[in-house]
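Chain lettering (A, B, C and D) follows the sequence in which the chains are written, and residue indices restart at 1 in each chain.
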Amino acid sequence: MAADPLAPGVWGVVATPFTESTQDVDLASLAKLVGHYRRIGVTGVTVLGVFGEAMRLSAAEKRAVLEVVVETADLPIVVGASSTSPAPVTEEVELATDVVGDRLAGTMVQVNTPDPELLATQLNALHAATGAGLVVQDYPLVTGVSISAADLASAVEQVESVVAVKAEAPPTPPAIATLTARTGVPVFGGLGGVGLLDELAAGSAGAMTGFSFPEGLKACVDAWRRGGYQAALEAYLRYLPLVNFEAQARVGLAIRKEALRRRGLIAGSRVRAPAPGMPESLEKQLDRHLAAVENVEN
Amino acid sequence: MAADPLAPGVWGVVATPFTESTQDVDLASLAKLVGHYRRIGVTGVTVLGVFGEAMRLSAAEKRAVLEVVVETADLPIVVGASSTSPAPVTEEVELATDVVGDRLAGTMVQVNTPDPELLATQLNALHAATGAGLVVQDYPLVTGVSISAADLASAVEQVESVVAVKAEAPPTPPAIATLTARTGVPVFGGLGGVGLLDELAAGSAGAMTGFSFPEGLKACVDAWRRGGYQAALEAYLRYLPLVNFEAQARVGLAIRKEALRRRGLIAGSRVRAPAPGMPESLEKQLDRHLAAVENVEN
Amino acid sequence: MAADPLAPGVWGVVATPFTESTQDVDLASLAKLVGHYRRIGVTGVTVLGVFGEAMRLSAAEKRAVLEVVVETADLPIVVGASSTSPAPVTEEVELATDVVGDRLAGTMVQVNTPDPELLATQLNALHAATGAGLVVQDYPLVTGVSISAADLASAVEQVESVVAVKAEAPPTPPAIATLTARTGVPVFGGLGGVGLLDELAAGSAGAMTGFSFPEGLKACVDAWRRGGYQAALEAYLRYLPLVNFEAQARVGLAIRKEALRRRGLIAGSRVRAPAPGMPESLEKQLDRHLAAVENVEN
Amino acid sequence: MAADPLAPGVWGVVATPFTESTQDVDLASLAKLVGHYRRIGVTGVTVLGVFGEAMRLSAAEKRAVLEVVVETADLPIVVGASSTSPAPVTEEVELATDVVGDRLAGTMVQVNTPDPELLATQLNALHAATGAGLVVQDYPLVTGVSISAADLASAVEQVESVVAVKAEAPPTPPAIATLTARTGVPVFGGLGGVGLLDELAAGSAGAMTGFSFPEGLKACVDAWRRGGYQAALEAYLRYLPLVNFEAQARVGLAIRKEALRRRGLIAGSRVRAPAPGMPESLEKQLDRHLAAVENVEN
């Protein structure tokens, strides 16, 4: 069972589309979306994360999502766990292993304690129970748990099966600098790409985040590797207004799904309750941002 | 399918015991604990709540817990849902319905939005999908969601299938006064019984909470109904120091499980990670409090 | 300039009474209240703390409050600082020193960082600038800052001028156990006395908190020193229901002022905006609790 | 006494520079900074806000800061109040009125309650007591108080003396849309300019925020008025990477002061304790961002 570090680059975080009428998972749209990720050349995809509304899916729906993703594109897959405690996480990892098989690049689990020893113990036990490589997500906004970058590094150093860290505790650039200086593990930025340039400068291996134009994330990361700051800046600049627009607190997911819908990548933009939909007052500005970015693409 | 209001009194909130060696669910201890609840005459039991560490159990473990509770005691059962979104909650309610059948007095779901309309819509949809009576738990410490008592009352008024509210947003006494004045629904206090006297005075139907001497909760609630404030005060007074001791933030669950162990009601007092165990510095004081209460009991 | 450790016992935390009509500081009531504290034999008084609504007083009002307290009773005085940063805190300490003079037992400052080195540096600088003994208050609910008990102990060990710690980060008993094991500094519990028995058991030097019957706090602390747990329990038991009632989140201050008013110790019970007043639904229960405690007193 | 609405445009939020050696307020640097604001043509300046570290200044220092600002540049001035309760706020406003006189365009006060009636009552009383025009700042990260945009609009509608709202509760664009649709009051965005384009699109009157290149904020706002979205986008684009870099949580203020220092606008970049300094790992990236922006400027 692989515990290879995640390959650098952009890992596309996959939204879960729902039908407008029944709010069931729209598997056709899901396939289309994953196909798009493949077409633009992402390193891999991340499924059932926060952005994928995994905590709002039933187990049957999670399985269906994984099956479609596996069938649609021959890419490495990171699968998120929604639970934050070992027993139910193990169950989720087993589902992922069962459906995704050899394509499972890692299972993404949340930092659930500020105590580095306890975190390491739990991660080691999870790997022992499941054999899965672990992507450790540090996302205090979602979990309510804050760990210092130094303590997170200490935990990661004690767990061989960590294949990546997803750093989403602002400010992320200094955290990424600490993590990459102390561990050999690749660290990915998230948070919609708002800090992507600075995360790369801090040593990140790339981006693993949801954005309606993942082409922009890829252009930036590729340019960084080729030409450093200046190249990445030029590549990313035109996307930044949309990145910031989509990163709005609470309504960001709804905006991104609506942007994906307007791009034709999914059929409907519903988010499941209790998440709020996109405020009507943002409609026109979304159009403007999308038009501005599409101008660049063409 | 019943949506009768929950009967007043004490609903025993059931801890999930784990074996010290393997940390598996200790079903024998669970049966013993439920048997104790039955023996002291609680109105019903609440299983798979926060106090039952439901969010740290696998689905298989949840089923096993429910099965043992159903077999052990002929009592009405409220079953908690750990998820906070309709699709996975529905799945949990279906499990509860499947195992508990006619004995299911209600399914306990969390307030997951401050918006009363959205809350009502979700609750009505959940009942439509499952037929279950709903115990609405307002527990911001766990969910991070705060709703005003007035807005919660508005939501409850729109949902016929609500069989009770569990009020755990401090200060609970004024919230209970608002809820009972505006809805016909029974409201239960929780939070370890710290405010039980004041919750009864505010119109609560009783207690639904974890405490190592549920005898005390029952004595208080029974006395209140018989003799009002003065009787309840006399009945409860000797338990209050232990109640406050057990209500300590973060470590309260570990203290209660250790108290249950010392009482001989469960074999081991482990809590699952990442919950912290009982600090060693509390050992001696727990002994003192238990001895003081046992003196009263005898 | 004294940096003697605070004497053990009960430090009465003084509310700031306002007139019902103008909401000005009611200095006559203030004198009456402080007189009561003196009469029941507290070790000292704490003025301009959170319970004294210091953050809602002008500088002129703060001075007037201090002057009345100094004139009214020959007791050691701890003066709270409302600011959380060195420059304005220094200014507040200078006012306290100016008005209180030799009677200043300590100046109470908030923990404003989780970093023990930075905390120690600031405290040492504050003492160097003002000469005042420091009461370090750890009250995350008010400050939003959480420090571990171990880190707080580390900071205190580096600051000779600390004369006491006021531990108000729940759970307080294990924190007090850590602090007293590691430092020679007296530690006082607060939080309205909800955990007083357990704080004494953990090694606290007494209570420094607001409660409408400080007689109860004193009876408990005195009994503990004389006879340990059992004696303290007996002494405190009859006060506990009122203690818990008054400790209600957000409205606790308003309840306590109303209780003081009903006892005749202050003329009006107003709290200043934006603090909420006592909910009407609590009126009757307050009467019951007061009557029950007064029965004991007589 | 003026209660004219604030003029639209960019209000420069003034940092308070400290000397490296003594950490005293560096009045010469302050004058230089304000002079720069004047030179680039801001509409006015905002002094003693969160970005100005007002809560870390003594009253004497606040007065000195105001005096220098008044002397340095003939601009309208908004003065922030650090307190959140009427009595001490009144005192702060009196200081501002005393020093700033006719140039006082408004006094900035925090939303300190989610209750719109209570907020309106306090604001009206503050104006009655001081005569000052009020800039209402909605900044939950700093105050811990969250109010809905609809409730904030309700409050503002009841207070004639409100001259502006500073909207800093994310997501700000929909909040600004609600506020401008319901009130005639100008609304300014803050938060370092991260959402400036979207705030302008939502109807904001401009920006009132700290950024090391306020030239960028001005270029954007001016372009928006001239040419709408497309013009503003072109004007702002080159500043966005630095805007995002400076908006990093917790360390943003330190970054901005260091950027101002490197630009030669202030002599030292110290922030006062307990605020953290700029992490060393960000040094190089700050240089890159500054160079990239300076290229544009030239």
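A few remarks follow.
Everything that follows uses one rule, which is that a contact is a pair of C-beta atoms (placed from the backbone, for glycine too) under 8 Å apart; a residue touches a chain by one contact, two chains touch by 3 or more.
Keep in mind that what you see is a predicted model, and the values were worked out from it rather than measured.
Here the chain-to-chain distance from chain A to chain C, counted in touching steps, is 2. Of all chains, A has its CA centroid at the greatest distance from the CA centroid of chain C.
Over half of the residue numbers at the interface between copies chain A and chain B are found on both sides, making the touching surfaces mostly the same. The distance from the centre of chain A to the centre of chain B, with each centre set as the mean of the Cα atoms, comes to 36 Å. Inter-chain centre distance (chain B to chain D, centres taken as mean C-alpha positions): 47 Å. Centres computed as Cα averages put chain B at a distance of 34 Å from chain C.
In chain B, no residue reaches two or more other chains under the touch definition.
If you sketch which chains touch which, the chains form one closed loop in which each chain touches exactly two neighbours. The set of touching chain pairs reads A-B, A-D, B-C, C-D, using the touch definition from the header.
Across the complex, chain C is touched by residues 170-174, 177-178, 194-195, 197-198, 201-202, 229-230, 233, 236-238, 240-241, 244-245, 248-252, 279, 281-282, 284-285, 288, 292 of chain B. The residues of chain D lying in touch with chain C in their complex are 55-61, 83-88, 90-91, 112-113, 115, 118-119, 121-122, 144, 272-274.
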